[in-house]
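Read through the structure below, which is laid out as structure tokens, and then see the notes.
Per-chain residue numbering starts at 1, and chain names A, B, C and D are given in the order in which the chains are listed.
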């Protein structure tokens, strides 16, 4: 178990999540892609903390990432409900007109 | 976590399941006896019910359901017992702690959250409307009990100044936490009954939904789910001992015996609760939990925090 | 040795179940595959002595995925049965882009000469975390809490179709709100 | 062999019996339940839970088909018995016991059912000769092959959508109408012939899957002659259509004890649906003792009054049943709710058992089936079940009401 190995796994997780985010059409599935990417971020942050600078301060960053995930989920669900209610659809493609 | 010494690991592999199964059988026997008495028959005639039911279910075929997600269904069913065993791991019995996890309270809570997934998968996997309704009912119920439960578990942690279950038990040598955290204890006890889908919180397996999550289960599949319910009650009772009931403290008997006695007594209370209350419907529970119980627990936490701060300074 | 084996196990499970999220045909399985991925990452985090944070990851993410599964089923209307589905767009470009990103990240992970470790890990990571967020990093937590609160409020406002005028009437003069489902307090 | 037989004997101390009540004779079903409980056996909730299928009363063709589909969902070891009159019940139970103990034929039957399921050989219905002493009353189907399509032991999933609520085809996302003969080759169908869901706006304005679930006639704690075809969003009923099944001829007039037993049974159902099983068990115990001639009826009456007090005093029960009434009446907040109706039922029961005339609410709601159907629209499943259970004892079109008849006697 070395820093390189953990970062490799984190990189793999991140790419999988990126693929999901880019390829999925359904809002909730896009959210799952984002979740996988954040999962990778958590793993990388934990590894960097442990192998490079295991100071108390570093742990706080992980808490922030977890909090960011919850915000992302809550707002994502709310957005999905609004989209579903207004257009009877849960596809990102049907909301392209919302783009600026 | 990975560096447990060999002997406790071995003990926990053998002793924890055996103990949980025995206590679960005890609870089921008590329930059988009480049911027999309620029906107007001698209570003793119900004591053997769990053994007979086990034999019957071992003899019965399992079902293969069309359109079912058998993988999730079976994971959901078998996972209940596993989650219960994992919960018991952090309970110190006398001098032995099966798994010395520093954040034992968080461990218990994480295992509890696994039940959200397991009960829902059990309801979902069978591809039956009633089963699915049961699964959703559990989630509705979980949304009501989980937040109060988390706050209730925070109480002993603040009181002891540690998330380690052994230290929480040790911190009660003067005064059991149940005495000055009664609200937290009651919320905890109700949550245990709720995550075991038992008695007043059995709506996910209610008659109105034709026994809900249980409707399509037969044979060994049904056996592990029914055993899982009792095992979860056992786990909840066992964990309450170091958290609220002073751990192994008590006169005459050795510490491990006291842990067992306290667990058994609390288990009896949980089993008996089925008689006292009708089902508390999840849709009505939610409002009460969020509007009444959450503020109550928060006030309890405030009291604990102030008392702990005063006590330590 | 044991630690290395466990690490590889958790690592492979984390990536494999993340892949399964986008490969499976069932919404429920996708959600819980992601939950498994989170559990595996949580286990690795526990391996680097961050017990509290690892367990919190498991706790929060399994809960989140239980809710996620409900949303998936609600919005996508699937049978529990395995239903072939393909709800993707730009599949080829997405794969290509992800592979490139992986190559870059992996190269960075392997090729960057990482500095040696500075400082030593605290003997009790949980206690040190508690001390940190209650002292030097308190501002961070103080920022997160209003953000979370604002999230709760705004998500509810977005998602809830019925305001108080719907419930209590135009003059807000109904004693008992008119709700489709009665709550437990008899209001 | 010795061990399996021992296991079988041991397991048989508590066989689970699924009691199916053909419309028209609730007293027979009550006596059957009493018989099963006296045996130390348990009453099953669902086919998966059952070892014995006990059909009470005479079923017409349509109802018989529903029972057949239920039977197809049961798993080995299993036995099906029927009873047309109370006197035949002990014999039926005895037959069931012997069939369950016969390990060889159970195993052969399991194989036959599995083979029938895989479609290799169309298994028929092998009737075992009836017991000579009880001509036509109790029959035993030792082997009842499944229908011969589908790759599972669960034929109903490919067969007809069922009448009973436990049928799979009518479950999850089935956007089928409830006619007969929808097979897996329908246009928009998923795997295993389960049609895809169709969406519809729910009461919150979100497009949700519409599930079609048929409540009744075979459903625990449900009136045997009522069928509600419901459209569900989640567990909220968005549309319902009622049908009352034709009942067999009503048998001779009820004795006071029988009427008391029916009233207690109605109350026990409400209590059971409210999730208070131990009290429902106790109520059924009193009900059964009431029908046992040798027992001291004064003590039975005292026990009933104790249970009645307990139910009356439960605040949790009041809290959970309060406001459960037909959704149309809920708008006006008028009419009795399920809690008041339960207490009134019990009051009548206490009166009937104690030999004094009962008294209840001044005006009793007599609902017709269509009224009941519109009453449950907008309710969730739990509320709807409570509404049906607490209103039907007071009379339903085409059926002799229990409670108003009581009112007639007290003048």
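As a convention for this text, contacts are C-beta pairs under 8 Å (C-beta built on N, C-alpha and C of every residue); 3 or more make two chains touch, one makes a residue touch a chain.
All of these numbers come straight from a predicted model, not from anything done at the bench.
Seen from the Cα centre of subunit D, the chain whose own Cα centre is farthest off is A. In terms of C-beta pairs in contact, A-C outnumbers the other of A-C and B-C. Averaging Cα coordinates per chain and for the whole protein, the chain whose average falls nearest the overall one is B.
We define each chain's centre as the mean of its Cα atoms; on that basis subunit B and subunit D are separated by 32 Å.
With centres defined as mean CA coordinates, subunit C is found 8 Å away from subunit A.
Inter-chain centre distance (subunit B to subunit C, centres taken as mean C-alpha positions): 25 Å. Listed for subunit C are residues 3, 47, 56, 60, 67, 79-82, 161, 181-182, 184, each touching two or more other chains. Shared contact sites, meaning residues of subunit A that touch two or more other chains, fall at 81, 84-85. Residue positions 67, 127, 136, 283-284 of subunit B each touch two or more of the other chains.
Considering their complex, residues 3-4, 7, 11, 14-15, 18-19, 21-22, 30-31, 34, 37-38, 41, 44-45, 47-50, 53, 56-57, 60-61, 64, 67-68, 71-72, 75-76, 87-91, 93-95, 97-99, 101-102, 105-106, 108-110, 114-115, 117-122, 125, 128-129, 131-133, 136-137, 140-141, 144, 147-148, 151-152, 154-156, 158-159, 161 of subunit C touch subunit A. Residues 2-3, 6, 26, 28-29, 32, 35, 46-47, 51-52, 55-56, 58-60, 62-63, 65-67, 69-70, 73, 79-82, 124, 126, 181-185 of subunit C are the ones that touch subunit B when the two sit in their complex.
Looking at the complex, you find that subunit A touches subunit C at residues 1, 3-20, 22-29, 31-33, 35-36, 39, 42-43, 46-47, 49-57, 59-60, 62-64, 66-67, 69-71, 73-75, 77-82, 84-85, 90-91, 93.
Listed in rising order, the residues of subunit D touching subunit C in the complex are 172-173, 190-192, 194, 196-197, 199, 203-206, 208-209, 319, 322-323, 378, 380.
Residues of subunit B touching subunit D in their complex: 34-35, 38-41, 45, 48-49, 51-53, 55-56, 58-67, 127-130, 132-133, 136-137, 200, 202-203, 206-211, 214-219, 222, 274-275, 277-281, 283-284.
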